[in-house]
């Protein structure tokens, strides 16, 4: 059930049977020469909606802007400051908690959001002690790590990874890009200022080889992530 | 050209020919018993993308959350506080200005965002004196007022209007809702606290009769708004 | 009844018969070569006190500083940032609401305050749901627009207007200024950064010809505005 | 020279001969059963204007709202939070520093503002290292302490003092109030929460006997304070 | 070299040979019935000073307050809000960067600080692009995990662990506490609001058995952590 | 009783007999060529702990960072902005008030903290009306002023004073520094920006001659301050 295609009376009816909601969150940031700028929220949105369908859960519209300060050296990246993103998360939860929602499952597509989401949760609990927030990173499960290792070995890297690019290829086959990728890529994962970031990772990739991505891989990864996140969501609901 | 389906190198190329960008912004809020919660951003997004196509402009992903504090008495409404929304707007402009963008056209679908956008622009100009922001409200032009008056007379109202509902019916024909609408509706337009709002406007409508909306109207309104906003955008580009 | 010339016990007595208060707000900003820097708050203060006398209402001291960022390129302009002004408004209302006031009529003399006052009201309602704020712009009524059109036609402009200058001439006949005014004046009304503002409007006027102002006009405008604002205030009190 | 009765071109001319400005600041707060709510800003304003006349200095409009949180238990008190007042002070200085002002003399009428002004100055110096701010409390000089001790002995107290009441009697003889004053008054000077304040000081006085105030005293005190503050202002100008 | 026992001229001399500094940070929070409230900062301080001695590095005074909101249900816990701690970290780095420091090694003793430190670093890099911050958690290295597993197996738990208690026993043998510890302990590690935390973890422990701690273990752990952190610090210095 | 060496259950027991707590606060800032950077918090900490021992009071860990913006021109100074320090103070009191503490005695070692502490107290009282905060500056009592005048006459000065240096010499005899001190020293006490400060007071001293300090003086001053502060603390406890 998609929040934006519902009426307030339908949401009231939903609240009779569940007080949980799924909130997809990603980022709008460079993903190397061949990755889409929307990669992080595209993945989060599609997986969140599929999880919502399987579990009959309400899914909000997607938070397309995340904390991407370190990528702002690349054209098209839009970043919310950590403090801004914290306030956004807080406002979202406060708004829905007012109506009776009390379990908030953030289905996240961007590593850079994790620390911010955690600090936001802390601020939220102080204001709303009966609320629980859970963070579900779509790429972070043992099964998924195993699959990705099988598919890409040590060429997965940390940013603009073949796995996320593959998912977007599967979801937007008309937007598959091609561009020359230098063979050597910095295998480092340290992040300092945006200027420093661009010097270390000149084409935006961090140790990854996205040319390994295929539509077929994308389907496989997408489906596994749905399975894993459905489990995590159900575990969250079942929690005492 | 959609930002989220582009690469950073494609955005760099775009900047060679234009430093302007269209940013759709709406709200996630109740729209009466038959209006979609996403109405405001659905309209803004579709119109922005059509304007972008016509004018070959870059369009960012949609800011789906707006300032909707007065609607938070209704389930499913998500509101950013005015101060939070101001920071979001500022962060969006700051990020893109770093890459060379200097004309920001906010294609807006929600009246409640107007005051906040204006104050945000002021804060932005202080930090970025070379930037210009323009607000384009899709429903606000003489031609559009004329059309809407012809179609709905004094039943257009102020919120959950037949005109915006018609546009969403045209865009999402599978999500057309039906629900009983009491014939009498408060014709007032005053807004105080959320609690007070719900008392004055118990089903969420403000003086409107959305049952007049049809898919055909929606198409007509949608197309006129594109025409009007293309003009406004071109005027913005042409401005000395 | 003027708050600053009363004792707290007199205010307590006032609260027995009314919970409404008038708050004059203006700005301290350049008004062209012949307009006083205090124009906006001088007008608001005088009209507010006259309205208060007519309606037997309590009038606070005047908020002489408004949101005038775009005028800061001209010497003597003092501007509160939008965020600062929002906090000031909030603190004023919070203080008085603690004593039982619940209707706040802001008698405003500056267009640049409008968006900020509206966003401040929203923040206030969230904290104080039983409070109502109303904005009364002294120049904004059909009768006034008519009079001003009769007096000045298309030479009224948008800033440093003959109408506001006339009111200050009437109120401060000893401070009437004369300075050369170029005949051509930018008829535009767009506002971007302070630097940009000064380039577009080099002597501070926006499309206006304040040399048309006379003391007699000032009296006429002043008296009409009192009549109009008394009506607006009474309407506010009568509102259910 | 009064800022609000000047034009921006007159201020530009003033800046040719002086970069100093006097800013009167007071408070809007209860002053016991017979003291005016505006006492603190009335005194600061009148003294500031007189000092300005003597020294040919520019005087801004008066900051009528100060930090009066502890008085908010009494009707009619309006208080800015310390953080709000800090921002206001900062905005005032930032605005005028942009035009070339660099010496800011705050002529203060309220003890509760002192700590806030000092912290504001610190924040200002970090942003504007070439600016200097000076605090002049009108009641605080050896000569004045001596005069007040002669006039009122140990009945001066800490708030709603005969000395400040006398000055307002001299300035506003039409607004002299009379009300019963209990003979016993708490001689303490401790300040905690507003609720606690009202319990300790039930009629708003802190150890004072304002019934000793006379118009003649007021004149004497007023004139001495002008003399003292003129000296302080000149000392500030002369400082290397 | 301890900052607080140095003069500013000695710090200037230090800057000739190194621009790096070690900043111990911990927390002031309950650590179960037998753990000291200062455990987290006691460990961080002692390890930081030992690392500083070995590497001839400057060590600041210890940030004894961390983000401990979830522990505030227990007497004596002092927590900085995430937003406050972010500002503190930022101020510390800004102050020292002004003198020429550019490598900031935070030697951390509290898991709850990690997300906040990371977001603070992001904010810092935006203001100070040439600065680098590194986080060294004393308990987090493969060697240390191995040792702790050998010593305590699955009784280490997540909070009030035998390993950190052992270190404090070694450092403060006069402050070793004894108190009854129930045998069963919640093995969960989920954290929501402070109220919820106290319900889940009624004596403050999270899955740990601190009665296993001994002074000898403490010495072993302390010495290993120094060895590991010296390596991390040297690696930070060596980084290109 | 030292908070950091206690368990939460011991703090709970303490609360049965007292709801008061002593919080040492100082600063980390240059103290001239021979003064320790930690001087202000070293003194506050040692005196606070001695007072705590005498009065059987709980003493928290020391706030080692204060408001020292004007000293940031000297290497090694770490300053919290006034707004940051205000938040820290507020968080400390809020945390402990949650457990039942209601009297907070800040034993302060730095003049620059005074204005900030006072504004913080105001903010705290608004949120926590039953709490009382008291400021005890260790150097500020008639007895102490007398002793210091006897010992150092007019060479005490305002910063890096012989009295505070003497106390640190007594407490840290191994860290006594020697450095050349120019005989002439600016006797001024005005403070503007950090840059201006360094120009006025080139070696960091403000009118002081710390070479007069001796260990014996330090002992004398230390012991007198304990006596004075014990009295102040007891007076605070006794206050109705």
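As written, the chains take the letters A, B, C, D, E and F, and residue 1 is the first residue of each chain.
What we mean here is this: a residue touches a chain if its C-beta (ideal position, glycine included) is under 8 Å from a C-beta of that chain, and two chains touch if they have at least 3 such contacts.
Given the structure is predicted, the values throughout are model-derived calculations rather than measurements.
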Copies subunit C and subunit B - interface residue numbers shared by over half, same or different: same
For subunit D paired with subunit E, centre-to-centre distance based on mean C-alpha positions, whole Å: 48
Where subunit C and subunit E are represented by their mean Cα positions, the distance between them in whole Å: 55
Euclidean distance of C-alpha centroids - subunit C vs subunit D, Å: 25
Multi-chain contact sites of subunit D, meaning residues that touch two or more partners: 81, 83
Successive chains around the closed ring, taking subunit A as origin and subunit E next: A, E, F, D, C, B
Subunit F-touching residues of subunit D, taken from the complex the two chains share: 67, 69-70, 81-83, 86, 114-116, 118-119, 122-123, 125-126, 128-133, 190, 192-196, 239
Of all residues in subunit C, those that touch subunit D in their complex: 2-12, 15, 28, 30-38, 41-42, 60-65, 72-81, 83-84, 87-88, 91-92, 95-96, 98-100, 172, 175, 177, 179, 204
